[in-house]
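Notes for the one structure printed next.
Chain nomenclature is as follows: A, B, C, D and E, assigned in order of appearance, with residue numbering initiated at 1 for each chain independently.
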Amino acid sequence: MFAFVVRRITQAIFVMLIISLVGFSIKNEIGDPVRDMVGERVTPAEREALRDKLGLNDPFVTQYLRFAKNAVQGDLGLSFFHKKPALAVIAAKAPATLELVFGAALIIIFISLPVGIFSAIYPQSAFSRFTMAFSTLGVSVPVFLTAIVLIYIFSVELNWLPSYGRGETVNLWGWHSGFFTVDGILHLILPSFALASIMLPLFIRLIRSEMMEVLETEYIKFAWAKGLRRKRIWFVHAFKNTLLPVITVFGVQIGIMFAFTILTETVFQWQGMGFMFLEAVERSDISLLVAYLMVVGAIFVVVNTVVDIIYGLVNPTIRIAGR
Amino acid sequence: MIKTWQRFKASYLLFSFKQDKTAIFSFVVLLALLVTGLLAPVFSPYDPYDPANIDIMNSELPPAWMEEGEKAFMLGTDIQGRDLLSTMIYGLRLSILIGCGAVILQGVLGVVVGLLAGYLGGKIDAVLMRVADIQLSFPYLMVAIFISAIFQVAFGIGQYEDLAVPLLIVIIGLSEWPVYARTVRASVMGEKNKEYVEAARVIGLNRWRIMFRHVLPNTMTSVLVISTIQVANAIMSEAALSFLGLGMPVTKPSLGSLIRSGFEYIFSGSWWITLFPGVFLVLLVMVINLLGDWLRDVLNPKLYKG
Amino acid sequence: MKKLLAVTLTLAVLFGAGAIAGATTLKVGLDADPVSLDPHVQLSGGMLQYSHWVFDPLVRYAQDMSIEPRLATRWERIDELTMRFYLREGVKFHSGNTFSAKDVKFTLERLKKSIDFKGLFELFTEAAIVDQYTIDIKTKKPYALLLRMCTYIFPMDSEFYTGTDASGQPKDAMVKIGPSFALANESGTGPYKVAEREHGVKLVMDRFADYWDSASPGNVDRLVLSPIKEDATRVAALLSGDVDFISPVPPQDFKRIEKDSKLNLFTYPGGRIITVQLNQKRRPEFRVQKVRQAIVHAINNEGIVKKIMKGTATPAGQQSPQGYAGYNPNCVPRYDLKKAKALMKDAGFANGFECTMIAPNNRYVNDEKIAEAVVGMLAKINIKVNLKTMPKAQYWDEFDAQVADIQMIGWHSDTEDSGNFSEFLIMCPNKETGYGQYNSGNYCNPELDRMTLAAQSETDLNKRGKILIQIEQILYDDAAFVPFHWQNHSYGAKKNVDAAPIINTMNFPYFGDIVVK
Amino acid sequence: MQHLLEVNDLEVKFGLRFGDLTAINGISFSLDKSERMGLVGESGAGKSVTGFAIINLISKPGFISGGRVMFNGRDLTALSDEAMRDIRGNHISMIFQDPMMTLNPVLTIGTQMVETLLAHRSITRTEAKSIALEKLKKVQIPSPEKRLAQYPHEFSGGMRQRIVIAIALLTDPEIVIADEPTTALDVVSQVTEKIAVMYAGKIVESGPTDQVVNDPKHPYTQGLIKALPGSLQPGAKLNQIPGMMPTLTDIPPGCAFNPRCPLSDTICRQQEPPFIIINGATRRVACHMAKPDPSNGTT
Amino acid sequence: MTSDENGLLALKQVVKHFDISGGLLDQLRLEKGKITRHRTTVKAVNNVSFTIAPGETFSVVGESGCGKSTLARTTLGIYPPNSGKILYRGERIDNKNAQQMLPFRRKMQMIFQDPYASLNPRKTVMQTLEEPVVFHNPSISSGQVKDRVAAVMSNVGVDPKWAGRYPHEFSGGQRQRISIARALMVDPEFIVADEPVSALDVSIQAQILNLLMEAQEQRGLTYMFITHDLSVVEHISTRVAVMYLGTLCELSPAKALFNSPRHPYTQALLSAIPKLGRKKSGHIKLKGEVPTPINLPTGCVFHGRCIHADQRCVEEIPEERTVENKVSVACHGVEEGRI
């Protein structure tokens, strides 16, 4: 465990170091932040002076070292646009994204597990066939198309659900949560379904095929031969084994889901990190961008770590310490 | 050649293909789409990429069967007055080109990395897999911005239209190679301890030959299977990049950029601009996915994405 | 502990969800929100809109472009350089302080220090306080537009902004990056005061109880502004009833909103001219007058307005929109493909040539689509255009670097006056004076420069108008640039929101005066 | 006299797209209380399928297409799912081929033992645990208390095999079916009283073990015994049966063994040999070349 | 038996350990607030020496996990030994690089246990068989290669017409024949056979064993035969080495070993051989479980399960001693005459 944690921390540092370097080297390619800070009237000379003042004209190495020096102290710089420390901006936006991803994850779990298991147990049933057909269609529709169709149907035509934003949030010790108000939950529904839509079919299929495979194993046959009741065989013996590969894939996919939040949040005007990222790109808010990349890199490592730990808990044959 | 064909004719692959109506249907549709796309100039009534053909006054005409529709534009026109049918066919070609190109690139990169990491193991493995992690945690949007910028600096904007396709191939190829690397690595780790590899070592073959001639072919099944999914994904990634304004130039719309306009036209009443390309793209991606599913079931039931 | 948490949550739910009964709330969805509460930190449309809601200017434009008294009740010209303003008495700032001449002086000084505004106020010297409610505003040389410039003076609470904040920074500091007092605190005299602000998420403003303008019909108690960047999402928010008012409305959705029985669509002609500039430094072909004329003749700007802008723009043949001093009725759009081809032949370019073009894709209404249409139109006179569009964040650097032969730019005159266009877009580029800063066509005509500067200091409005009209004619004949249209402003609102009286050509919706039935 | 288990003309088929394949082609045998019977044959002969058919647990697409399995007078092929469930693991248990694959890797062996008891007995978890402990001791697992909380991967292959046996014995079943991967004629001959030799889905010879081993009547049985290295002088050439057992798809007409049989005759290629009784009811053989017992007919 | 004291192949004090402790970080443990470094080593082969004479069949027997497969692979240089020497015809081969090893690769070949894993499923029989020949004789003509493949195939009893087929089209026995054919392609002198028949049915097993014996006769091959099946060992071996936990216990001519096993482990092992039709009797039961090769017992590795073990066995590692004609045993009990 000790080695595992140390290795993951070193890995995270390594990942973030590289990411910050790459992120930093992009800075000149995404535009001039000063351009966005001032009106169109401001003269080039004024802009240059401002750039000087902000240190944007320093050599790359100077800038990176300055950044790295501050980063070590937990300061990832000021966001040009938000005029606040980049980390503070991310911290303020993170709850929205985390809740969105969490909501989508809940949807994925609560739909894909029962549906996947059912269609594995009864692969020939009409419901299973329908699910399979539907999920193939599901993976084939781009996430932004799903999002816009959802808005069109449920907000514009039916007027059931709000179309944008997070609605009312409750401040829980600095965490603005949408989970505790009816309004917040209503606002969460469409975006999390849109986000889930891309992964849901994948997981239904994954769970189905894994479960079907597990049901064919010797130990399940042995469980039948022991005269166990089928619920126990399905939900204890088969399910736990099905979960193992599902957890691994879930770990990878949850990382990818963070990437997809960029599109979802844009369409739903969801004020989270993905939206912030795109805005930072549009505003050439380089410190915010680099901070974002580093945080996402860290989240990626953390998620993988947590997934590995959960995997280790479910799978007794894996010892986290060794290999 | 004839022998290979005969072998194929007798193979389990073909047998199970013939048994599967969905697979046959998907294959036929895909083939039709591929032929249409690749022979776009033959099938499409106009060349939508030739700006001289376009008249703004023809813009947003509905399909021919509708009241205001014109016979000349069977599926209507887009806002610039481009014939939608022609644009879709040309867009299809682009999507196929980008999808396949990106998958070949990410496949080659990922397979080589996965093979090295899986077979050589140790430090090389650790380093390569960390690189894959970094790549995975890097949004492809960033990759897109970065590479677009490099291309622009290197070639200037005059070349942009011609370079957009290779550019997108490089972007999507670079962002997704870890998928291959991980799959191939897992597969190689399973293969490298098999006795046929030891047999090759006993013969005295060097590790490169063993890696590329013995182990690699045996990981190809999984590569083939994820490739179908990845082609579909690449086509969708292109659509997503277009959606964010980083895809094909406006004068050469791909299916993705056509759907992007779906976002703009959803309330406008000009549904055909969205619907037809959308259905076209979903159809293309779906038949590829269906074939991928079938292939996975036949070749390797244990494979999944990730 | 658990109980406490439960109670807190319940209360939070109750208070969070329920708005105060009986109060009128207007929810507004705009494409962006103000970047700061400090009106001087950036000169942009969004910041000026905000200034009108929370601050009040000395004077403002009415819908008919006449100058309307606000904090200045009347004014008189003392001499060529001086204008005397008589200020409204009994006006309170949001802080409770009383407004007087010292606040105007403070504000003008601050404007002259602002990186963004100092250019506009370059000609202004220090203001002289005559008495508590009288102030003289002076310029270095005679300046015809002095009064108009006063629409930019939104007096700030000098007491409120004096001293240092908790971090020791002066309260009136204008900080581009990082925290400042004025970034998060405001005290103006405007109809609303800021109640809550989360940058990029929402701006909540409450009606100022002590607002001086008791004659204002405005009946909105709470104004909630949400930035909704994505066009379709913004429209969806209005269609689904999540917001009461949106702007801008993308042209393709006009029909949909007009059709909706619960909604109204408002458009208002704006003064922003959309043009492309033909770079004569990069392309020798563009130095040929006939080529430029051919291009202008090849552009079907009426078609663009009709098809792409859905009729909500005014096709342009010149810079100045109607109502501006320089507006020249002779300079009309001149689409004529036959003539364009003939001109190309005359110029010796019957076979055309190839060139590059850049345009932004998120700066002007349908900018990308307009650029795309240009490619098609120029193809018809055998000019093959390689177009690249990009987000505005990248665009301006490329624009400045003049990376392409044809570059798009839209311009709105800060002074609502014709001279401003020429100063920035037409005059020979000069790094020292800053004139011609956005002239990426490198069109250079010393005679025009002389005329533009002459108009600047001509206080006889009649004479001045004549010069400006003549400038437009020369530009027209010379085909100095390619005009497309003046963009209209567009607003969508619920039926009960009476938006018509509060919108104007500057796109400053005066929400203080809005009536919700 | 009623046998404990009586398999009558059991037939198992596999339903495939192009038609049904016969895996077990009408086999019959019986088993009495405390009796040990060995079913031998090469892999693919149908030994395991027979075992699974008895507990009615053939994997798809296999199914019992004919015959009966009588256990204590009840036909197991006709029982309801729930009644059959109570037979499995309770009255008839099965020990699977591969001990490494038989135990669920994510459950402790304690769980896997206790659940078996709880599925069949109305006892408490604690009682079940003590029975489990007792059985573990019986199969000589050291420190069983500690072992109950461990997972299968923490045991060696040999220990896992013993645990599987312990699980099979938990409910003191009347019948234990032990499935083995290899032919293992030598091993079977040591521990059983009765033996039946299977070839291509049929029993070709059966009888008391010592009789069959010492005096095999069927050429296949003879071949198998002679092929064992232990039966010959070291270094001598082993007797080998030429060719290999046919797969289910291409079972030759007549006697399935005829292509490999040294005694093969025309009749062998044309007619399936009957399963005749020899040596006074104790032995049976299915070979045209075997002499039937004069007192008994054929079945 | 042999004029050369090193025989065809000799192992001298060969040790093969596998470090499975991973990277430096994995080796660190937090113990009582201190960071300590742990290494986990599988001690698969410990100090094994023997000599194989030309033409003999040298068998290595032992239970699964005793290190016999590792020994086979170390002998062939698939795994480099940690210490000790391996000599082929008196020449050291354990320290040679891949290039220097090539001439020996032609002399030494291997046959594997699993007929399903030992053939590359993506290569036809032809491709599998021609690869070693072409690799070692780059100048050979394709006609010659084809002839040679055909010859060897018919030699091992597989119809050369099937050379174009893939492994999955063959049965287990046929694949094992192909596997043998691959080993024979380079005309080797020495073949290591790692459990070549244990995955096969009795009737097929006999076929393969016969084939191996025939090949030995025809080509004068030397075998190192790894198996756990004692009846097979008895049938084909000249000499037998008994291995337990990576250590050799006993090394005797086959006849001597089966007639009078000396080492207590050998005795236990032999008592368990099933004999057809004979009811089991006199099976020596061993106490305890096989220890893991990670934590090797002190002294004699077998002491924990040996009924004869005494204090010396716990403390002192027994050395291999020749007790009578060509029989050598590593046991204190035998040495002291207790057993």
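The rule is short, and it goes like this: a residue touches a chain if its C-beta (ideal position, glycine included) is under 8 Å from a C-beta of that chain, and two chains touch if they have at least 3 such contacts.
Note that the structure is predicted; figures quoted are calculated from it, not measured.
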Path length in steps (a step moves to a chain that is touched) from chain C to chain D: 2
Result of counting contacting C-beta pairs for B-E and A-C, higher pair: A-C
Computed distance of Cα centres, chain C from chain B, in Å: 44
Where chain A and chain E are represented by their mean Cα positions, the distance between them in whole Å: 52
Multi-chain contact residues (two or more partners), chain E: 23
Multi-partner residues of chain B (at least 2 other chains): 263, 266-267
Two or more partner chains touched - positions in chain D: none
Complex contacts: residues of chain C adjacent to chain B: 230-232, 235-236, 239, 250, 252-253, 255-256, 300, 303-304, 307-308, 356, 358, 361-362, 368-369, 371-373, 375-380, 384-391, 398, 403-404
Contact footprint of chain A on chain B as seen in their complex: 130, 133-134, 136-142, 145-146, 148-150, 182, 232, 236, 239-240, 243-244, 256, 259-260, 262-263, 266-267, 278, 281-282, 285-286, 289-290, 293, 301-302, 304-306
Contact footprint of chain E on chain B as seen in their complex: 3, 126, 194-196, 198-206, 214, 217-218, 220
Chain D-touching residues of chain E, taken from the complex the two chains share: 64-65, 171, 173, 201-207, 209-210, 213, 231-232, 234-237, 254-255, 273-280, 288-290
Parts of chain A lying in touch with chain C, wherever the complex brings them together: 30-32, 35-46, 50, 54, 78-84, 92, 148, 151-152, 155-156, 159, 162-165, 168-171, 180-183, 266-269, 271, 276, 279, 281-284
